[in-house]
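Structures given as structure tokens follow.
Next come two complexes, and both contain chain A; in the first it sits with chain B, in the second with chain C.
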Partner chain A sequence: MGVARERARFIGRRVAQAVPTILVIVTLNFLLVHLAPGNAADVLAGESGSATPQYMAFLRHRFGLDQPLYVQYLDYLKNVVTLDLGYSFREGMPVRDLILQRLGPTLLLMGTTIVLSIGIGILLGLVAAGRPNSWRDNVISVVALVSYATPLFWVGLMLIVLFSLHLGWLPTSGMVNIAAFYTGWQKAGDVARHLILPAITLSLFYMALYVRLMRSSMLEQSGMDYVVTARSKGLTERAITYRHVLRNASLPIVTMAGVQIGNLLGGSVVVETVFGWPGIGLLAFRALFARDLNLLLGIFFVAACLVVIVNILVDVVYSLLDPRIRLR
Partner chain B sequence: MKRTDALEFCRRFARNRASLSGLLILIAIVVVAIVGPLVHQASPFELAGQPFLPPSDQYLLGTDMLGRNELIGIIYGARTSLVIGIVATLFATLVGVLMGGAAGYYGGVIDEILMRLTEIFQTIPTFLFAILVVAILSPSIGSVILAIAIVSWPPMARLVRGEFQALRNREFVQACISMGMSDLRVITLHILPNCLSSIIVTGSLLVATAILTESALSFLGLSDPNVMSWGFMVGAARDFLQRAWWLCAIPGVAILVTVLAINLVGDGLNDALNPRLRHL
Partner chain C sequence: MSTVSRRTFLQTLAASGAVLLPVEGFAQDKPKQGGTLVMDVQPEPPTLASYISTSGPIGEVSAKVYDGLFEYDFNLKPIPSLATSWTESADGKTITFKLRDGVKFHDGTPFTSADVQFSIMEVLKKFHPRGINTFRALVAVDTPDAHTVVFKLDTPAPYMMMALSGYESPIVPKHLFAGTDIQNSKYANNPVGTGPFKFVEWQRGQYMRFDRNPEYWRPGEPHLDRIVARFIGDAQTRSAAMQTSEINYGGFGAIPYFDVARLTKIPGIASTTKGYEMQSPIVELDFNTRVKPFDDVRVRQAISIAIDRKFVIDNIWFGFGKPATGPISSNFAPSGIYTADVRNYNLPNGADVANKMLDEAGYKRKADGTRFEIVHDVTPYGDEWQRFGEYVKQALAKIGIKATIRYEDVPTWLRRIYTDYDFQLTSNWVQNLADPVIGIDRLYSSWSIKKGTVFVNGSGWSSPETDKLMKAAAIEIDPAKRGALYHQFQKLTVDAAPLVWVFELQFVTVYNTKFKDLTVSPLGAYAPFNRASLSA
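Presenting the complex of A and B:
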């Protein structure tokens, strides 16, 4: 019972720690709006005169451009906390609803990418560390090095050229085949087929990162005292590697995966744009194209909150994986 | 650095063949970026011939969908990538050294606050933030450099903080402080020179990341409209993938080779400057 309570308190403390983070993000948003050349109301309305004059007047009043800056700031804070992110005239919908609609596909893409990149990263790192400087290790290192230096959008486009245009195996863009009206398992299969290329594209960079990390982590761990102990107990090398070293060596990967969540969201803007994947990344690109800055601000805010939430989850997973971590 | 030290450094760097080839490639790219625009004075946006010409003797890499010379674009793009990568990294390094230095040297509350801030900047979706900054300030060389600098200083700050913390407790620094030397003198004369090598290694890797970020921004259309860049070239040719895939492929290879070369040089510098450190 003590552990469960401790864990609840730990989660509570992590949530409390997230508050200043959110506050900084909101403040950054507010500063950006006021840094923008021209009137803040123009920015919030989506620029280029797509908003009605009434709405502009309403905005000007609502953001109280005649009021002192701190009042404006507090008002802005109140709106964001109540998840009122404004209205997008370009898309004809409240920003919050737009983002919520697009969250599912992005989470699907990100989830697949995380599983794929961590899975392959750990596997290849394991193989590479198994025999350092063997030909296998060298091949894996070179692949990781090149993947690490490749722009995501370029990988995506080249995969489209090869697998969609030349071989015709996989669709070029979108999430479902609109003309087919699939349902049930057929629909799931269709989505999966559309998911393959975007997920591989987004995974490549992170896979490279995790391979390098896993390799050095494995090598570091295998020199530890507990490995010597396990060996002198007469355990087989296999058991040592899989039962002891692998577990400990995976911990830095979990930490790194948590750190990379924000970057992953950034990467999904590029990947979703390349593959027409209907998530918040593509929404961000469309907002960019239409100069709908308020929508862009809303996406940034929601994405940042998402990162904070995922990081709390990662901490909880970490504490489950490694009982030595005191739930501070 | 004494002459023997410099020699030793060169010998260590040259021992790593991958880093040496990375350095040679990088030098070639720098020469092209400097000399190319001097030899060919025209604008890279100038129409040179028929659109979609395949690579030939006259147009070494062909022409793009508007009939611009692809090779000229690549040459000017090299300059853009390197300038933005280096200048953004210099700014990020400045901010990182100031933040990390203050946190590591003074510790206590200052350390607490600065490191929380660094942590927050590390968790926010940095690329989305860079997009926002460029979109709101409208795309230009300046706004792109600012956006990249804002999102890349945290790793530098963390590194510098760690180094400063370690050095501050060393005897020679303690001696300087107890002799009544001012903080500024201690930091600039005694601490900073001792962590310069780590700053250089991290900085070199930041340049590579900055070039990747710049290419992704310009791919999305967030680049200075008067400056040619590799990401912009890929983004513009994207709609013609079926007809002329090489127009996307070539600038991408340029980015890949440049970033790879810088990463190799960075690894080599790391091995040569910090022989005891295996990785960052």
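Presenting the complex of A and C:
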């Protein structure tokens, strides 16, 4: 009872603290993106391949670029506070709608990647740590090293060459079969088929991190006094590993996972590009090069919120894994 | 027939100027109905509002939905679309168009002269980036009856007649736009036109879907049931998707040049460089003629001579181009505007000649062998431009000019070249478009030196003589006289060398031979695709 109430109070306090944090992030982001030379009007007119001075003036006015910076900032702040996020003139749509459309595919890819990479990472880390320096350990270490060191786009392309071009098992790109327009379960299966290659590509990279982390963490923990105590108590090695060591060894994994969420949003740009996956990373990339500042800031805002939420979750998970950690 | 020889075949036809006849000749048996064409559009269009934006990828999809008054044949002559016939007054200031009867917008509303008047006067003339210029001489559009429009001009405007396609000047429905904010219309991303395909949905980041318009005004057309536009950011993935038939069509270099030869060896995949005759991009090096040493015409000419055009075409663009002679593309040869009779910079021993010219001009080599140093900006539109930059650096080194390459992103580069004028020499590519008044005046006239406007006269060069020639040609309705004016213009401009005209870039379309009649007009990917069908 007391623990549950403590936990609720902790979460409430952390959420309250998050508000000024996010406001600071929003302000910094705003200033940063305005440091970039060139603006949305230049790009839009540039894409047109032709423009007249009247057209340029009309664009600048439409984007509010003829306003002083502080006015643009106050406008933007008002948007954020009301969770409106403004309008992307370039895409002709409210920023919120644009982001919401992309959030689903992003979370699907991110979620699958997190589950896959942590799951396989922990498993392989356990196997490797079971018998350090055995052939199994060596094979796993080499695999982890190679998948960590290989550029994501290359892994992606090679998977496409193998599974799409040569074997013809999986589609090269996209999220659904365009010519088919499936519905219902058929659609879910179709999306799953399209998800396999991008999820594997992204997971391989992050899995490598977790394997290394898990292995060293397990080895470190297995030398601790409490393991010796457990062993002298007569517990089986199996029970020691799964009930005691694993639980303690997974704390760094949780920490790492929390940090990686933010990275994952950015790191998926490459995978989204290669596989034509309609995620938020690609949207951010596009917004940056188009200087679509409203959209870019909107994505930053969502990303910041996501990271803050995940961090709170990580702290809660800590306290579940290790009751000694109190949420204050 | 192998795909390579197919391309050569088409080029030979193009050279003989007789493309339309044989293509029509092939279409003797009735085309098959049905099928879904998946085209790759690159990059994903920002909006579908082709009436206020000319951003390249928009046209590839919007032209399936919106018709214009005209379409064009490969000789760049107008052919009827929404307009069935037209007559021009002797002074060229009054043009009467008869409009097609029985045409309906996709929402069922009949198309009338009011839609044309509204589209041209209230939308295109006011908000379209090129329309502001194209329709500058247009004073009013009269509508004596529901199927007649009369254009009233204050000067003749022969160029305007080249800009009336559904891609360039789409006719939008008045009843959906009138009285609304044109720039923020809810029909920007939900277009309603009279074209062969209806817009169905747009899943951002994934695809757009267009279904057959059963009430299209050309009986029996379109043949395809559906066109889907996909967006795949990675060039290699696009090639793979073309190979697995996940996409069937990629225009405007969606398939990278280096992959074209490999892909077209695969049975069922072919390529063509036709369908870009109203784009006519020219690869250039732009001098900033305001700064030393490029204010000196002798330096500009020497550099122009030092560039080996054939090497660039063969090694960087995989053969997809031909040497340019001057500001106007040879695609304008059929209309008599182009001339090759100008100063020739394409010399076999270019480096030697250029070295001699620079010596004579007084730019002596210093002790380290260099004459002067410059920064060479590279236009940020893809990998081949970086390779081109590296080539330019080497070519300049041969004539004693030390160049440092600078590569920035698009907004930064645009700002540097067209607003800050903070550059010396930059690579660039600009399209001639449908007529010199639209595509050429903006690059060489004194009135196009406009700080802050992109893809205009960034080099800062102009002369009273060439200004006068451009002004005269803009309102000359006799084609022969107009051609003569442009010939003189080319001579003078080429002498002054404000740019190095390197080569006429050929875009390439890669497509699946399961489909036919995909490229049937000089508008290529910007055409409505009403005739496209499954092959057999």
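Keep this in mind: the second predicted complex is superposed on the first by the 278 of 328 C-alpha atoms of A that agree within 3 Å, B and C clash if a C-alpha of one lies under 4 Å from a C-alpha of the other, contacts with A are read in each partner's own complex, and residues count from 1 in each chain.
What we mean here is this: contacts are C-beta pairs under 8 Å (C-beta built on N, C-alpha and C of every residue); 3 or more make two chains touch, one makes a residue touch a chain.
Only a predicted model underlies this, so the values are computations on that prediction, with no experimental measurement involved.
Asks: So in the superposed three-chain picture, is A:Y318 touching just chain B, just chain C, both, or none of them (first/second/both/neither)?
Replies: neither
Asks: Would you sort A:V146 into first (chain B), second (chain C), both or neither based on which partner it touches?
Replies: After superposition on chain A, A:V146 lies in contact with chain B alone.
Asks: After superposition on the shared chain, which partner residues are touched by A:L157: those of chain B (first), chain C (second), both, or neither?
Replies: both
Asks: Report for A:G279: first if it touches chain B alone, second if chain C alone, otherwise both or neither.
Replies: So A:G279 only meets chain C here.
Asks: Which partner chains sit in contact with A:Y73 here, chain B, chain C, both or neither? Use first/second/both/neither.
Replies: Neither partner.
Asks: Just checking: does A:P20 make contact with chain B only, chain C only, both, or neither of them? Give me first, second, both or neither.
Replies: It touches chain B, and chain C stays clear.
Asks: Can A:Y182 be said to touch chain B (first), chain C (second), both, or neither?
Replies: Neither partner.
Asks: Pick one for A:F58: touches chain B only (first), chain C only (second), both, or neither.
Replies: second
Asks: Which residues of chain A are in contact with chain B in one complex and with chain C in the other?
Replies: Looking at chain A, the two contact sets intersect at 36-37, 43, 153, 157, 160-161, 165, 273-274, 289, 291.
Asks: Spell out the residues on chain A that touch chain C in their complex, using ranges where they run on.
Replies: So the residues of chain A touching chain C come out as 36-39, 42-56, 58, 62, 90-93, 98, 101-102, 105, 153, 157, 160-161, 164-165, 168, 171-176, 178-179, 181, 272-279, 282-283, 286, 289-291.
Asks: Spell out the part of chain C that touches chain A in their complex, as residue ranges.
Replies: 36, 38, 43-44, 46-47, 49, 53-56, 127, 129-130, 132-133, 183-184, 188-189, 203-207, 209, 226, 228, 230-234, 236-237, 240-241, 243-244, 246, 409-416, 418-419, 430-431, 433, 438-439, 442, 450, 452-456
Asks: Over in the complex, which chain A residues touch chain B? Could you list them?
Replies: Where chain A meets chain B, its residues are 20-21, 24-25, 28, 32-33, 35-37, 43, 145-146, 148-154, 157-158, 160-161, 165, 212, 216, 259, 261-263, 265-267, 269-270, 273-274, 284-285, 288-289, 291, 293, 296-297, 299-300, 303-304, 307-308, 311.
Asks: Which residues, counting only chain B, touch chain A once they are in their complex?
Replies: Residues 116-117, 120, 122-133, 135-138, 208, 212, 215-216, 219-222, 231, 234-235, 238, 241-242, 245, 248-249, 252, 255-256, 259-260, 263-264, 278-279.
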